[in-house]
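Just below is one structure, and these are the notes that go with it.
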Amino acid sequence: MFEAIAFYLFAFLTIAMFYITVTTSQALYALTALAAGMIFISAFFFILGADFLGAVQIVVYSGAVMALYAFGMMFFDTTRDVKEKQGNKYVVVGLSTIAAVLVVLIFMAPIISENITAIYPVGDGGNTQEIGMVLFTKYLVPFEVAAVMLLVAMISGIVLAGKKMDESLTLQSEEEINEKDNK
Amino acid sequence: MVDHILSILIFFPAVAAVLGFAVHKDSIRAYGIFIAIIEFALSLWLWFCFDSTVSGMQFMEHLPLVSSFGINYILGVDGISLFIVILASFFTMIGIASLGEMKDIKNMIITLLFLQMTMVGVFVALDAIVFYIFWELSLVPMLYIIGAWGGPLRIYASVKFFLYTFAGSLVMLVGILFMAYFYYQATGVWSFAILDWYRLILPETFQLWLFVAFFIGFAIKVPMFPFHTWLPYAHGQAPTIGSVILAAILLKMGTYAFIRFSLPLFPDASVFFMFPIAILAIIMIIYTAMVAYGQKDIKQVVAYSSVSHMGVIILGTFALNVEGITGSVFLMIAHGVVSGALFFLVGVIYDRRKTKLMSEFGGLASVMPIYATVFGLMLMASVGMPLTINFVGEFLSLLGFYKQSHILTILAGTAIIVGAIYMLTAYKKMFFGEVTKKENKNLPDLNKRELVALLPLVVITLWLGIYPKPVLEPINNSVEPLVQLMHDKAISEEAKKRIPNLSKGVEIIKTPTQEVN
Amino acid sequence: MMEIGLNHYLVLSTILFAIGLVGIMRRKNLLMLFFATEILLNSVNVAFVAISHFYGDLTGQMFAFFVIAIAASEVAVGLGLLILWHKRHNNIDLDSMSTMKG
Amino acid sequence: MEKYLYIALFAPLVGSLFAALFGASKKTLFAGIIPSFLIFVSFVASSILLVYVLKTGSIVHVEMMTWMATGDLYIPFGFVVDQISVTMMMVVTLVSTVVHVYAIGYMDHDKGFNRFFSYLSAFVFSMMILVMSDNFAGLFIGWEGVGLCSWLLIGFWYHKESATWAANEAFIMNRIADLGMLIGIFLIYWHTGTLQYAEAFAAMPDLDPEILTWMGIFLFIGAMGKSAQFPLHTWLADAMEGPTPVSALIHAATMVTAGVYLVVRSNELYALIPHVGLFIASLGAFVAIFAATMALVNRDIKRVIAYSTLSQLGYMFAAVGLGAYWVALFHLMAHAFFKALLFLGAGNVMHAMKDELDPFKMGGLGKSMKGTMILMTVASVALAGIFPLAGFFSKDLILEVAFIDQHFIIYGVLLLTAGLTAFYSFRIIALIFHGEDRHTSLGHHPHEAYKFMLWAMSPLLILAVISGFLFKGGFFEMVTQLLPATEYHIESVTTYWIITIGTQIFVLIAIFFAYKKYMCKSIKVPDGTSAMENSFKYKLLINQYYIPHFYEEYLTKPYRKLSIIFWEKIDMKIVDASVDGIAKAIYATGEKTRGMQSGNLSTMLKWMVAGLVILLSLAVVFGLAARHSVEIGTILSGLGV
Amino acid sequence: MNPVDISIESLNLITLAPMVIPIIGALFILIIDMFKGGLDKSLYVMLSLLFLFMDFGALLNAAGLFSQSGTMMGVFDVMLIDGLAIISQFIIVGASIFFIPLVLTNKRFHESSYPEYFALFLFMIGGFQFMVATDNLILIFVGLETASLALYTLIAMHNRNRSFEAAVKYFTMGALAAGFFSFGSMIFYALTGSIEINQIAKVLEADNYSNIGFVLVAVVFMLASFGFKLSLIPFHTWAPDVYEGSSAPMAGYLSIVPKIAAFVVSMRLFEFLIHSNIVWVEIVLYITVVITMTMANIWALVQTDVKRMLAYSSISHAGFVMAAILISTTQANSALFLYWILFSFTNLGAFAMLWISRQKYLPAGQSSDQNYEKFSGLVKTSPVAASIMALFMLSLAGLPPFALFWGKMYMISSAITGGYTILALIMALNSAIAGYYYLKLIVYMFMKEPSVAHEQSVNISSNITLSLKTIIGVATIGTIFAFLAVNPILEFVTAFVYKSGY
């Protein structure tokens, strides 16, 4: 009973938040709504017993990502209204509605099949500990690759946002570059 | 060296062309002529070493290329291909020798040498893929020749030429791959060797489909009605040398391929499609002859006349008997010589007057008597005057087809009438009458260089018209086993009846072939 | 209805995904467009965790974990690109971004 | 004897090539003399062969080399001198020699003197091949060869539009017939397996008569072209554009008789199909009177003689059609002599009159050109068939043949034609040589031709006079070794005399009538005003029954129009345009749909989602269908699908 | 909670070697930069090459192991080294070896001044290698994203407006595609409780596809996701813009490496579905293949920029090759690899040729970097360059005996053998359409006169250096003499594909 109430409540909240995110014309509202939505999602994780993930969700999204976006927003000065000239609203609404309806239609049917055996069953220990276990055995390689990915993202971020990008060697003639080098 | 003479014939000009990049452009003509003469001498040597009493392939070469897929570099020459090879090297030689002053002559000569490689390659390849390689590759130099040295519409013409034939041959490629697949199904190994394929008997329905696939590729190349419209453009825009080689050699690829592929591989389909194709051929003959008659441009006349004559070749091929096929092979050579010469002749006057409109001329016979004589001779050869080279081929082709159908042959025979109509009219317009235009009053007659190109053609025209035996005999010896093979392979009663069983009992390799289901 | 099963979560996930799609399609502000991509990934995470829960299997959580990592990395790169664009054009309007077409 | 055969055959070729060497250069007399001499050599060699054949009764047969050999086909260059061919050889070489010598004078002032002799000798060579070949293919070589030379010679004065037009007409019309001949050859090959005369004819009696009929018809179509039989006759009159010696040699004596020769040569075939023969005879008779009527009114001496040739060819075909091959051949020979003579005489007149051809503008030329007048008159008498000249023996024989074979209609037609022949022959004689002088006022000062030209003509004169009664017996003896030796004697002596004398009188009356009408002083140059000229009959005849007009309007012009339509409308607008249309359609599709790539990121994303949605809908449809396949099946079956 | 006890042998760490090497290399480069900045690009190029050669060596080793012992699993069965993985890694690493030195241009471009460029490049290679060497959807996803993020950056580092635009477009659509991928994986997971493709296949098989509808939805999302990577229509819209916006070597790289990685994954993913006779997948793939091939060709016809044309042509080629996955016979899969190897050589050459002709500023009257007019009359000014460029165009058009012909031929043959005759015909005819736009460039180069306005400003080989010459030379030789290489490649590829069970 509690689960159901919680589910519907958070479902409503999440949907509402995300709806605001995609519809509001105020970037700040959107950002706030997004952050709220993320937190509500983590609620599901807790409901479902994925405590570790819930924590990660809050930390990563509400913490890191939102901070990044907030920085970005300040940088871009997007507090001002962005004119969202909609070329064809019907296309947008139509396509997404159809997509949703189609998938929802399908999911109305019972899904779980009989012959599934859990490969990494949830054990007795705490969620975090088990996750650690699986993460550092089975998913060791993806984990390491994810690390590389984050490194890549970091380098990318640094390179792209770096000062060196302000002047483009690509657009300068050789003479200009040499002149600058000599200086 | 004799064992590899075919490879040498193919790749010698190519290597020479690559080296030619380094030759200075003032000396390139001499270089080109020299190379072409050597190549021609080699081809003559090939003829000399060729044993005309043997019916099978000679000078076979065999190298694995993509052995896991059954693609091998197989070369060989028989009576059917021998003379076209010689003709190719011959035309390249006189073509280069007769080149007048033109821009970028170096590129032209190098291109011609590459073209020669592809031309020789097509006719000696005995592996379908190798054949296809040369077949397609030949488009490129011709594309360049038309596109770079042609008339005002040259780009349109060259692209049209390329794409049209390219599209057709891709369909043919599908056919080739299909054929190989059937062979694979029947024997369990991949092979693209034509001689292997010869031993495969296909069920009739498959024959029909494959025949159509090959036909599209070949028909565009020939070009058969209604796929012929690229040809007038190509000819009309191409420089003289391009037209000459196109008409003399490249068009022969299609008809040659009919004989090499379509007939022996699909005898039943050949019989099945004999009448439709014959009707197309007849349309080609009469219709294009009439179109030729309606032209204002002498080169277009010759171009359409080419199409018209190709119709006779097709007809002879689909006579499916020794007389007809031999005739059509001979006519390929004959048409090569004659139409090549005619294009040369048109080029001569174009060089002088920069126009090809017949209305610009008139009375040239008195201004340029030697030119008029040579033109007249080639014209007579073109309309099939006996004792010229064309007659032998036309006579045999029609004779052969008469066995298959009386009415159609009568219709096809109108070639000799309609041909005479447009040719004589054109000749009359250009050479007879008073000299009306003052530009024409002082035109110089043929110069030495042009004579060097034309006299050999004149000699061949008469020589092979009077004494075709040295050519006809090897062709005949190779065609006979072909016909016998077709007869033996034929499944349907109709085909057995249409394709004669030669009582001479030629030996062919017969291995038990499984039927493909 | 009161019994919350897997399907509930899947439907929720789908709805969220659809909202994300709407955002992606209608946003002209690139920053807000990126918000929508976050919604997409988050919606999937809900489903993953739910499935994981109902199967009693950790794989789904793993996937969700990596999706979060990926989403985070994307934000970094995406923002980097946006900054670059913004420096040159002083806007992050998607409609200004159509010099190449055809 | 082979030696003589080769000499007879190749001497003209050598002459031709010799003259051709100087073809482009200025007139050189020896370029005329040497070919003439070589033709004479050929004549001598032919004579030797004739003597040999006469004496021994055997034939000379050589095979020089293979021409074509493939499959079962074997065609050699083989030559045979037998009784038939030696006759033809004699005729050809003799007339050629005369014409060559004559032409030296006739072409004296022409720029193309050397070229002319080259062509002329080439013609003789082709003709020799035609008559000497031992197979149909060889015959065809000669057949086309003479066609080519005829083209060259008709169009000899190529700057004249009418000449080149006539040359092309002749060539093309002959080509139409040649197709028939070619088909005939194919038929012979595929049914007898050979093209050698001897073997082919030997095989023929065993063949299906229907096939033989077709062979006969197609070969005859070939003959119709060369011999200008209706409806392929128009070229002959137009061919008179060529120099007169050419008309004499080619279009009177030799080439046009090739058709007759072909039928005579194939007598074994035609003997098997008498119904075709009857058709040939009927056509021959028709052409005889048809051509004669056109000759009645024509105002061009050469054309009149051409029509007369046509008419005489009709006689010959009538004879061969009725199976009287030797008679036809005999008439062929005699006709060659007197017709060539007639033409050469006309040439003299033309020379004298500066190429004026209208006899109404002449008159009284007999005074200045006595020699020519005698020659032409004798020739005309021979043509008219007056005893004892050649025509009497040969032509009246044909009448007898028709009478004896009881083809009275043919006989009647031919008899009438004989009268017409006499009339028009003497019409021009009268107009040219007799009556009032009408040319001086037009500024002509006629003079006689060179002496040697007249001398050169004299052999023909003699032969025209004597060949009939002198040769008839020997000729019969000789050729009937090969041809059916049918003797034509009218049973009843009375009938014979009545017919013979009747014919002679009829002809004489016609001659008298011609003189009476055209020697009177009131003859003027017609100017199209007289009642006769406006009568329908006259118009019909002067316009050659409107046949050339018909050809022009209903064949040539439509062909030309159709050709242009084919090119401009069908080839360019339909065939080519559809090819280009495909290309253009593809290109246009690209141009129209490239808007999909608007460059706008939002649109791109929408496309992605759209793609997803499309795929999803497909999936749902399929998934539902799969899930409910049973129900769908029952519903569909319930609907009776 | 028991302590985990796993022997190091059972991890089979050797399977990681090829991927780890470039990552180590990247880190190495970053470290060097940390110690001493401002080093010349040639150093980094050579370092990268060094690591790539080592990578190549590791691959050879892996190939040797594979041919001995067959498919290897490693590191908790996450890594999957089978024939496909090895061949595709060969292509990835091989292509990279040729593409990286393309930065050694005469002119300086922005990206080459960064050591990070090379580090990212190597990371990207590592990412792709991971992506192909596993059947775990997580690792595929992570590998893919690693590579993609690096790629977006690499594109943007060219540092001009068009490359930013390209990067943003690519990135945004990539993010959407990532969403699709995760959604698709989620459904697979929901259906089968597994995210390993082999396992998924087994479970679905055992289940006899009772939930076909869900399977299809999952397939749809996967197809959309990989359709984006493979630029299948209608997910292709990024391709032309990104190609145009990025530098020529990057565009060339884009046309080869990400696609082969995506092909391998699609092959793993769709193969079992097609073999289970799910008609829907066949139909949808058929339609996609045909539309992609044809429409891309048609759009390529109307392009005015060579690079953009090549972009569309790459889309078309991808569609062509996608047919292999539809046909899914051993021959078809081998054909895919054969085709792609040969395609790599040709495209390497073509893009390298564009690269050497790259000028920094657009001259007057030129609307894009590489529009056709720029190449007018090239044969007059620089015949060798024109001939080489023409050679690559002809090869792309499938003219024998140049490289791509063999791929096309084998591919069409596999279509025929697989019973897709109509498809074979469509493929053939598409090659004919494609002929037109390749020919267009040849027409410009060989048949038009050099335009006067361009003569001063355009130097076709302004960018050339010895190393670029060498690469072009290699590509040229590879393209011309492909017929010698086809047999060994084919034997190798077929053996490996067959041994991997595809």
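To keep things simple, chains are lettered A, B, C, D and E as they appear, and every chain counts its residues starting from 1.
Heads up, the rule we're going with is that contacts are C-beta pairs under 8 Å (C-beta built on N, C-alpha and C of every residue); 3 or more make two chains touch, one makes a residue touch a chain.
Fair warning: this is a prediction, and the values are worked out from it, not measured in the lab.
Fewest steps needed to get from chain A to chain B, stepping only to touching chains, is 2.
Taking the mean of C-alpha positions as each chain's centre, the chain lying farthest from the centre of chain C is D.
Contact count check for B-E and A-E (C-beta pairs in contact): higher for A-E.
Placing every chain at the mean of its C-alpha atoms, the farthest one from chain B is found to be A.
A simple rule picks the central chain: find each chain's mean C-alpha point, then take the one closest to the mean of all protein C-alpha atoms, which gives B. Chain centres here are Cα averages; for chain A and chain C they lie 5 Å apart.
Rounded to a whole number, the gap between the C-alpha centres of chain B and chain D is 35 angstrom.
Averaging Cα coordinates per chain places chain A and chain D 98 Å apart.
Chain centres here are Cα means. That of chain D falls 76 Å from that of chain E. In chain C, the residues that reach two or more other chains under the touch definition are 6, 10, 17, 20-21, 24-28, 34, 55, 57, 59, 62, 66, 69-70, 73-74, 77, 80-82, 84, 95, 97, 99-102. Listed for chain D are residues 583, 594, 597, 599, 601-603, 605-606, 609-610, 612, 616, 620, 623, each touching two or more other chains.
Of all residues in chain E, those that touch two or more other chains are 138, 142, 145, 149, 152-153, 156, 168-169, 172, 176, 190, 193-194, 213-214, 217, 240-241, 302, 436. Touching pairs of chains, sorted by label, consist of A-C, A-D, A-E, B-D, B-E, C-D, C-E, D-E. Interface residues of chain C, counted against chain E in their complex, comprise 6, 10, 13, 17, 20, 24, 30, 33-34, 37, 40-41, 43-44, 47-48, 51, 55, 57, 59-60, 62-63, 66-67, 69-70, 73-74, 77-78, 80-82, 84-85, 88-89, 97, 99-102.
Contact residues of chain D toward chain A in the complex are 602-603, 606, 609-610, 612-613, 616-617, 620, 623.
Within the complex, the chain E residues that touch chain D are 168-169, 172-173, 176-177, 180, 212-214, 216-217, 219-221, 223-224, 227-228, 233-235, 237-238, 240-241, 279-280, 284, 295, 298-302, 433, 436.
On chain D, the positions that touch chain C within their shared complex are 594, 597-602, 605-606, 609. Across the complex, chain E meets chain B through its residues 379-380, 383, 394, 397-401, 405-406, 409-410, 412-413, 416-417, 421, 424-425, 428-429, 431-432, 435-436, 439, 442-443, 446-448, 483, 486-487, 490-491, 494.
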